[in-house]
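When the chains are written out, they are named A, B and C in that same order, and each has its own residue count from 1.
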Amino acid sequence: MRIRSSYPALVAAVLVVASCSSSSSTPTTAAGASATSASAGGYTIGIVEQQLSNPFFANLEAAAKAEAQAHGLTVITAESKVAGDAATQVTAIQDMINRGVKGISLDPGNATAVVPAVQQATAAGILVVAVNTETSPSTAVAATYETDNLAGGKLMGQYAKAKIGSTTPVVALLDYDLTDKTSKARHDGFLAGFGITDSSPEIAAEIATQANADSGQTAMENMLSAHPDINVVYTINEPMAVGAAAAIKAANLSHPVIVVSIDGSCSGVQAVKNGQISATVMQFPSKMGKDAVDAIINYVSTGQKPSGIIDTGTTLITDQAITGVQSQDTTWGLQNCWGATS
Amino acid sequence: MTSRQALTAAAEAGQPPTPILEARGLVKHYGHITALDGTDFDLRPGEVLGLVGDNGAGKSTLIKALSGAIIPDAGEIFLEGNRVNFQSPHDARAAGIETVYQDLAVAPALDIASNIYLGREVRRKDFFGLVFRKLDYGYMRETSTRHLMDLGIGLKSVRQSMETLSGGQRQAVAVARAAAWGRRIIIMDEPTAALGVRQAGQVLELVQRIRARGLAVVLISHNMPQVFEVADRIYILRLGRRAAVLRPQDTTMADVVSIMVGAIGGDVPARGQGAATPPTATPPGYSLTPFDPSGS
Amino acid sequence: MTAESPKPGSVHATPALPAGEPVWRALLGSTVAGPLVALLLACLVFSLGTRTFLRAENISLIFQQSVVVGTLALGQTLIILTAGIDLANGSIAVLGMVVMAKYVVEGGDPIVALLLGFVVCMVMAAISGTIVSRFNLPPFIVTLGMLTAIAASTRLYSSSASYTVPPSLLTWLGNSIKVGGATVPYSIFVWLALFAVAHYALTQTAAGRHLFAVGDNIEAARLAGINVRRTLLSVYVVAGAIYAIGAWEALGRIPVADPNGYSTANLDSITAVVIGGTSLFGGRGGVFGTLIGTLIVAVLANGLTQANIDSLYQQVAIGILVIVAVAVDQLVRRRRAS
């Protein structure tokens, strides 16, 4: 009976912990398991990523690793256990300092929590660059290689505005948690590109979802139930867009709905090709990984440090191009996408 | 001839009647501790046997061995003269021995009828029962109610859940459950321990009614007055061995307690001898004064 | 079993048997009264607050959105009734989805795929059940470990990719019929049928009684001769089959098997069970309460979205409901025990 009475406490504890996590994977820190040695003579660098179960981060890490190994470097890798987990990353960075790495490519799980560890590394003479998202302050690292999400969002908004033409827009926003920098940037970019603000009457509904297909579908269904005249849908990523597209299809609306998304995964580009999504903005995680490692290599051989925030680019992918908005078609998209095709 | 008549006849003939349950030389060790040290035991048909002993004397272990909950390390158990080998409580139940445990072993959230039929549920005899395994609640409730009434237990409805009953009522239901299923022997472990005077009295009345039905009862208790009130014989267990078996009318509560704690020697037969002590044997060294209830 | 009628010469004559409880009283006293009231109240508030809530199509939507989590919650109910818990049910269903989808996408037969899905889900659940029943480890810990292992395995197996399933047997449950202007997919009928079967099994069969007894007082069940080990193992395996059905329904809803999908389905299913009045400590409750609990969560999501209220309020509301439900369960237990 005593065991049973501690169940509520256990359950509460796990509910708290688990509610902060969407996936769980063990970190691959240190000790041989993740150190990939190359030919003798190469030095070691560290790659710290977010959860590798997310194909975006997996793609980033893979590109960085490939570039490093192509130059004969040894790589130590580490990843976050869950979204927002910086603690594992901090431990990994400290371990990498001890192991004498020359440079670290870091994708911060939390913009502020990693800064002290980054400063420790920099003080030890290690070059630290950020990928995918900035630290806070962004100058804590030498340079950041990321997608300009604001620009990406603007592309989405511009395309949607151009496509809707003269029809009165009724906009639905399927967001993610807006305290997340990337989400906020994309959201703001879309609004700017579309020419509206958060309080514009054109916005019929807005929901923060879990950024996956089933929550996107549920959110879209409920929105359409209340506002069947929605004709523009902004989604924070492609799984959401696919879920929303399913809801739109099932709703049998009499008017076309423009669904825009962002990320550039291969399955997302495929969805554009299938007509589920009108357009998506591609980002280039492999470029981030490669450029970050190249910067480290350059620093080690020439002593020259990179600086600033470098935009690794955004490209709109659509098969229904519109004049005035630059884009590539899905064939190009499928050649340059990341992740596996579904 | 009923078992009570057999008992009386045998007593008149001056011979001990054949035990319904008998054990010889039971041994059980738990690590260094010897719980049963060559215990002999006999239970006569239709009697209430009070099983008493100090803490740690081995009472629980003894009844667990008799009810199949544990398997003794050595010794033999005979049921109606036939050697039996209980591997589980299920075997003992199948042989007609039911046990009322100290914590009652009832499911508090389930109702009375469900508890009485727990593990022995009855299905309907019609299509729903045969194909869809539908239970016959009507039958189970009706017979549960009858069993309770047979024993004079007054309860509003067998659909009440066990946890809404008082301690005494719960005990009564547990006893009724054992009486409903037991065909030969009911073993009760401290049935009145947690009860007030009035409720305890009702449980003792139940014990007497069960005896009246012809079942034999083994009653573990610490409460001497209650044991003396209801038992036909008193079996005193000390340090895992039988210290004495006496009739209440042949002894006093004080003497029984003394034997329990070893202050005076009991009539402990040598190991191996399984025959029941004749009730009139006088242990050396002390007298058997008749029990005087007015002193309690 | 001794005499079925009073023995001759017994002390008491047989008076009339007490009458049974009236239905309305049983309903009010049961654990579903509270959740049912909460559900009706929520529906009332939203139908007054929006013009679109009570439309047939919207009600259908609410059911459609409840189906998958509701099915998982059904299996969860059975396990929670035994005083256990299953944190791995969402990941088991997702694994099932991925296995089925991958098989068909790579050219396999849909019927075989469906069978594979059932096998995989039931085997995973059986592993949890075996560890719990044979080694007596707490279900919380066991299923937490299984959750992690299965989620990682799913990602490895699919290389983190999603699989889109072409229309086939796997998506069949997504086909629908029109009922009074509302679209009703087959999956809803399957879900409701599962509920009916589970309710029957729990209340009308010996296996159901044993399940409650094991959750209520496992020692009493053991002493009553119930094979506790077999009861526990079988409840997990049955739940595994139910999770496979949930996976099938999920593919019908959206024909994509995403290893990252349904990430909170395990907690959502526990929420539905608890709000529905089933006690986390076992032995009390039932599937009808879970049905209501699932609907409450979906109603809140749907109604708040339509009223354009921030979804964070929805999370707060659900959290409060869970705490209230557990508190009420404790109060009822204490009052009944005194």
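In this section, contacts are C-beta pairs under 8 Å (C-beta built on N, C-alpha and C of every residue); 3 or more make two chains touch, one makes a residue touch a chain.
Remember, predicted model here, so these are calculated numbers, not experimental data.
Taken as a graph of touching chains, this assembly is arranged as a line, each chain contacting the next along an open chain of partners. Distance between Cα centroids is largest for the pairing of subunit A with B. Chain centres here are Cα averages; for subunit B and subunit C they lie 44 Å apart.
A separation of 34 Å divides the Cα centre of subunit A from that of subunit C. Note: centroid distance subunit A to subunit B, computed from Cα atoms, is 72 Å.
Across the interface of their complex, subunit C is touched by residues 3-4, 7-8, 10-11, 14-15, 18-19, 22-25, 53-55, 58, 205-210, 212-214, 217-219, 221-223, 225-226, 239, 242-243, 246, 250, 267, 270, 339-342 of subunit A.
Those residues of subunit B whose C-beta lies close enough to touch subunit C in the complex are 89-90, 93, 99, 101, 103-110, 114, 118-121, 123, 132-135, 141-143, 145-146, 149-150, 152, 156-159, 161, 163-164, 179-183, 209, 213.
Residues 50, 52, 55, 57-58, 61, 64-65, 68, 83, 85, 87, 138, 140, 144, 147-148, 151-152, 155, 159-164, 183, 250, 253-254, 256, 258-264, 267, 270, 280-282, 301-302, 305-306, 308, 310-312, 326 of subunit C are the ones that touch subunit A when the two sit in their complex. Looking at the complex, you find that subunit C touches subunit B at residues 1-2, 4-7, 10-12, 14-15, 17-18, 20-21, 200, 204-207, 209-210, 212-213, 216-217, 219-221, 223-226, 283-284, 333, 336-337.
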